[in-house]
């Protein structure tokens, strides 16, 4: 299918936006444009027939990453808020020329590829979909056909959470100056977010959605609560839902963070008894995938919350 | 079910299960970290030995994760080279775990997060060695890189922090190049499975994808001139961590390159592209050695030595397609002996740092009286790094020289010899200090032998590898593209 | 699993194992260390005697370990090996006794004796190596195990000497490695063969072979201290006396010379070497070294340095004998392998005694020392006269055969070289003897230790030079007796020339 | 020009822009942004090539891969930001110290 | 019938968005800009939602649209409140005509 004018605008806008945000002299503008870039990316995913990705990009790519960036901006040392221009010199020039050459060559290769591209795995995925235990092809690939990758990806997330929160918990120094109006909004928005997360998780089995999108919403709810409730004397939130306060500290938080990974690992190893690594027995795939996804959504939510706290939180991340 | 069959089925679980489970549990209950670290490292070493035996006896193993054969699922395979890498990683990790116990005792205990990161790094390396799926390898690379960066941060201080951040950024840039290469590969050929691609792929897209992946791995391997991040990161991390990073993490990237260029790339492409690797490798050999000669701190010197020694591997790459078996086995031996020797050196440097309080080379006078066992570690490691007989390093260099001469590649011969002499120069610069009479006291009291024995074991293994060369060389060929070729031919 | 398979390995282990054990001994454990040292040395001598008997009876001994397919570690005993093995084993025993007496109250003995044993192990390995790979391995191991001995004193000069030594030997080792691998690529496994292994390989590029020859001999010439690669040897005399004795008599220098013999006889074959035109340049280098070393020795005031330059000169006799085509010269070269060892070790022992007992380091200080230490100086005199070539001492036998061999091969210039060398030898040794015996002591001895018992010095320092001096006399007087070095050298020459 | 080629090319351009910015922008936040932009560019190549035309769902395998990639990217971004902020606190500047290593 | 009505509602909403945007660009200070912006977010979006609901004519979709409207309105009003509060705390003075 040939590209329409809209596609040219979209793709061109994306590239232009990328260039502006990367080479702007105003750091804050770069950060704001980056969020816009993420949202535009989500539109592109829809255009390319990948609504799962659009959801994930909006929630994680633009949402969480953007929030991380803005949070980081607020903690920059005063001298660090100015963007220091661009390194120049022969090496910069050389790398620029080299990268331009790389881009031209790659586009050339892509153009050559366009005519004689092979089919990919779509047919095979669809053919095996009935055995996978879920109806959504993306979920089938993520949790069944290439479940091993997803399992390791949970490991990556766990590792990042571990590193970012080294020495600190989910910190609640941020809500000190929050307004009561915001608190009122958060009080009824947070449960709604949790509800929606549950819905997305369940929906992932047959339509766009799933553990990652659900986890991102959970993290959003957590971040909201952490932002609006002021800390008590012990650093824990003084108000707000008690359960939230309890489950975002210490052993319970660590348990929550690793629950998805541990459940996944447990299933993978247990399944070695009768088959291969992560080979679901016939008929059990759907149930096991739901189990894994539920645990994974909780862990992803907790991990994203911790990542945000590590960047935005009052205490030094990684300080001993 | 006889034991061989049991292993043939359970091996992915053995290699990934204990380390990942231990890592996650050590994260949840930090107090268990120490016990889990020691136990899992030992278990992992035992598993590696078992699997080496299994592969040596019964040939390469394969496993389809999820029960889905490639291209739909993810293929895992354990051939001779992979199992040797697994063994090297397991030995260094075990020695490092034993050493970490006493290394960190000087600071109270291991910093929070050390044990989970250590175990995750072990698992990630294992996963990387056994994967036959390009995208899965990407995830493994990221897992490895993240754990490695985290461990470097534990060195404490601003220098370590800057080194870790630089390492992270360079590593991520490299990963992205690799990732794009994988995307191109999938887009063009509809699969990311290495064996399938090897049989199907051809055309400009293959070349472009390989170039991208190679560029990414160059960054990750720290080959000259992409090495700038390596010395501060490896020199600044806690010693057991440096051991693991220098011995294995950078070599893992080389391992992937070996796979890509010898199993995936067609011969014509390899012959066209690999001389680049040879040139970079030669430059790295000399540059790293010269900087090692100039380094004032022991750990930094060892780190530069890694830059130099990695150069040998990249130098060997262009020789491989033609003089296959000898160079393949030689590279395997070199990777293995470098891993063991370099691990030993860094662990020894850690002991020096803890006992002497610094690691400035000028201040090491009379170390042989103070820490004789650690100096013995340096001597043995030096034997292997320089390539003096009968070490594993010697056999490796012998094989590489053999292949280079047989092909008439005299530049490679020259670099190999110059590199050996330079390695002798920088290693003996340290050893010469150690043998002076600067220290009048006797042996240092209160240095736990437990801190020194693991390093000694690694160094001795690096030397003893030379005596098992026949067996290792043959094992490295199992399942490789050169299986069945004669190891040492005579020029026609 | 027979004695034939194990004996060579056992001979190595008899010094290797004690050496490794000694590393782990605490400094204070004199007795254990002495027992290990002497026990190892005695066992080694016994094993070597068994082997000598066996080889004489026509048995062959070989230990073999495969490192890589087509790459074996081989230890065997042919006639040539036995010559050096016997010399090394005997002199090691003597030197061990001497070293125990010399060093027992200085620091770091465990380390010293550990490396000392490793050094002898390597020398034994060099002697028994059955192919180039094995030879290379032990040759490098020798470098490595002697380095700590050279820098043992830990002084700045010692470290400097160590650096120079390493620079020379590592670069030489690299050249040797290249030569070996290259030859390996061309002809396959490099097992030493009497009359030369290249005899079976026709049609190889002669220029490549010439270049490989230069690499191999060049690598070994570093250790054999051929001019211009001799620079490290005079520096290395900062090492303790037993080390110098060992370095100059049996270990490093001898390994280099022995390697050249191996390459010429058992790799290239002496006739093939001559055919390639390689022997004449080698003989020229040897002749230059002989004269140059002697001339430099004349000007040295430091006794040990004078001896070191004398070694530079004397070791080249062996190379000269090898480089002259014909069995008579070969006999001269090979018998000098043994004779030079006996004479030079005597001289170094004596120099060590003078330094240790009286603190004498320079020739000028030696006036009248003959009356103070008559036994030591008597031994020294025998060694020196032997070096000059006075009949009937050992050195005379070597020079006689070399001269005869030179005439035999129609190369009369050899005689002139030998005569010049002898004159120079006399020039730098006789003044010493004159000072020692005929001049009165000018000043009180710089440093005199408490009188150790009935002898002029400790008995462990005195007996070794006396014994080796007696051997020097015997080797000359009984040259025609069975089992004498000369007889063995003739046996070897017959085999190498296929006579 | 097909839709596939258009978006994949845009991806390549973004990727190269990102790497260039990574090399030449000294500010750490810019470097991290650059990695994210380049990563998104790579994802765009995946999905551009996976496009199957006419509103049909894209090939699910690269979708899953990109999903994995997005999660990896957010993890590494958070870690990089946390480290960069610590470094900024310690040195007062948001740049990597001069590349030359101490000896 | 519903279509035409929907179109009118949507057009009115869009007009409000345009007006809000113009205000955002042209008004002199932060507080007045917020004033313009919130009109678009609340009433403008509401009108667009009503228009869309009429267009589809499905009660379930209408319910979802209502939900969207409520959520956006809640968050944007709170956001406007927060921005204004922060600005006041930072000492941004309201604009006064000369």
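In order of appearance the chains are A, B, C, D and E, and numbering begins at 1 in each one.
What we mean here is this: a residue touches a chain if its C-beta (ideal position, glycine included) is under 8 Å from a C-beta of that chain, and two chains touch if they have at least 3 such contacts.
What you are looking at is a predicted structure, and each value in this text was computed from that prediction instead of being measured.
Taken together, chain D and chain E share the touching chains A. Considered apart from chain B, the assembly falls into separate touching groups, namely A, D, E | C. Think of each touching pair as a link: the shortest run of links from chain C to chain E has 3 of them. Ranking all chains by how far their C-alpha centres lie from the centre of chain D, first place goes to C. Among the inter-chain contacts, the highest number of C-beta pairs connects A-D.
Legend note: the chain whose CA centroid lies nearest the centroid of all displayed protein CA atoms is B. Seen from the Cα centre of chain A, the chain whose own Cα centre is farthest off is C. Between the Cα centres of chain A and chain B there is a gap of 32 Å. Put simply, the C-alpha centre of chain A and that of chain E have 29 angstrom between them. Centre-to-centre, using mean CA coordinates, chain B is 60 Å away from chain E. In terms of their C-alpha centroids, the spacing between chain C and chain D amounts to 67 Å.
The residues of chain A that reach two or more other chains are 106, 110, 113, 117, 120-121, 125, 145-146, 149, 153, 156, 159-160, 163, 318, listed in rising order.
Multi-chain contact residues of chain D (touching two or more other chains): 8, 15, 18-19, 28, 32, 41, 43, 45, 48-50, 61-62, 65, 68, 72, 75-76, 79, 83-84, 86. By the definition of touch given earlier, these chain pairs are in contact: A-B, A-D, A-E, B-C, B-D.
The part of chain A that touches chain E in the complex is made up of residues 179, 181-182, 185, 189, 192. Touching chain B in their complex are the following residues of chain C: 23, 27, 65-71, 73, 107-108, 111, 136-138, 140-141, 143-144, 147-148, 151-155, 159, 162-163, 166-167, 170-171, 173-175, 177-178, 181-182, 184-188. Only residues 1-3, 7-8, 11-12, 14-15, 18-19, 21-23, 27, 30-31, 34, 37-38, 41, 44-45, 48-50, 52-53, 56-57, 60-61, 64-65, 68-69, 72-73, 75-77, 79-80, 83-88, 91-92, 95-96, 99-100, 102-103, 106-107, 110-111, 113-114, 117, 120-122, 125, 137-138, 140-142, 145-146, 149-150, 153, 156-157, 159-161, 163-164, 212, 300, 303-304, 307-308, 310-311, 316-319 of chain A touch chain D when the two sit together in their complex. Within the complex formed with chain D, the chain B residues making contact are 135, 138-139, 142, 146, 149-150, 153, 158-159, 161-162, 164-166, 168-169, 172-173, 176-177, 179-180, 182-184, 186-188, 228, 231-232, 235, 294-297, 300. Taken in their complex, chain A has these residues touching chain B: 105-106, 108-110, 112-113, 117-121, 124-125, 128, 144-149, 152-153, 155-156, 158-160, 162-163, 166-167, 251, 254-255, 257-258, 261-262, 265, 268-269, 272, 275-280, 318, 320.
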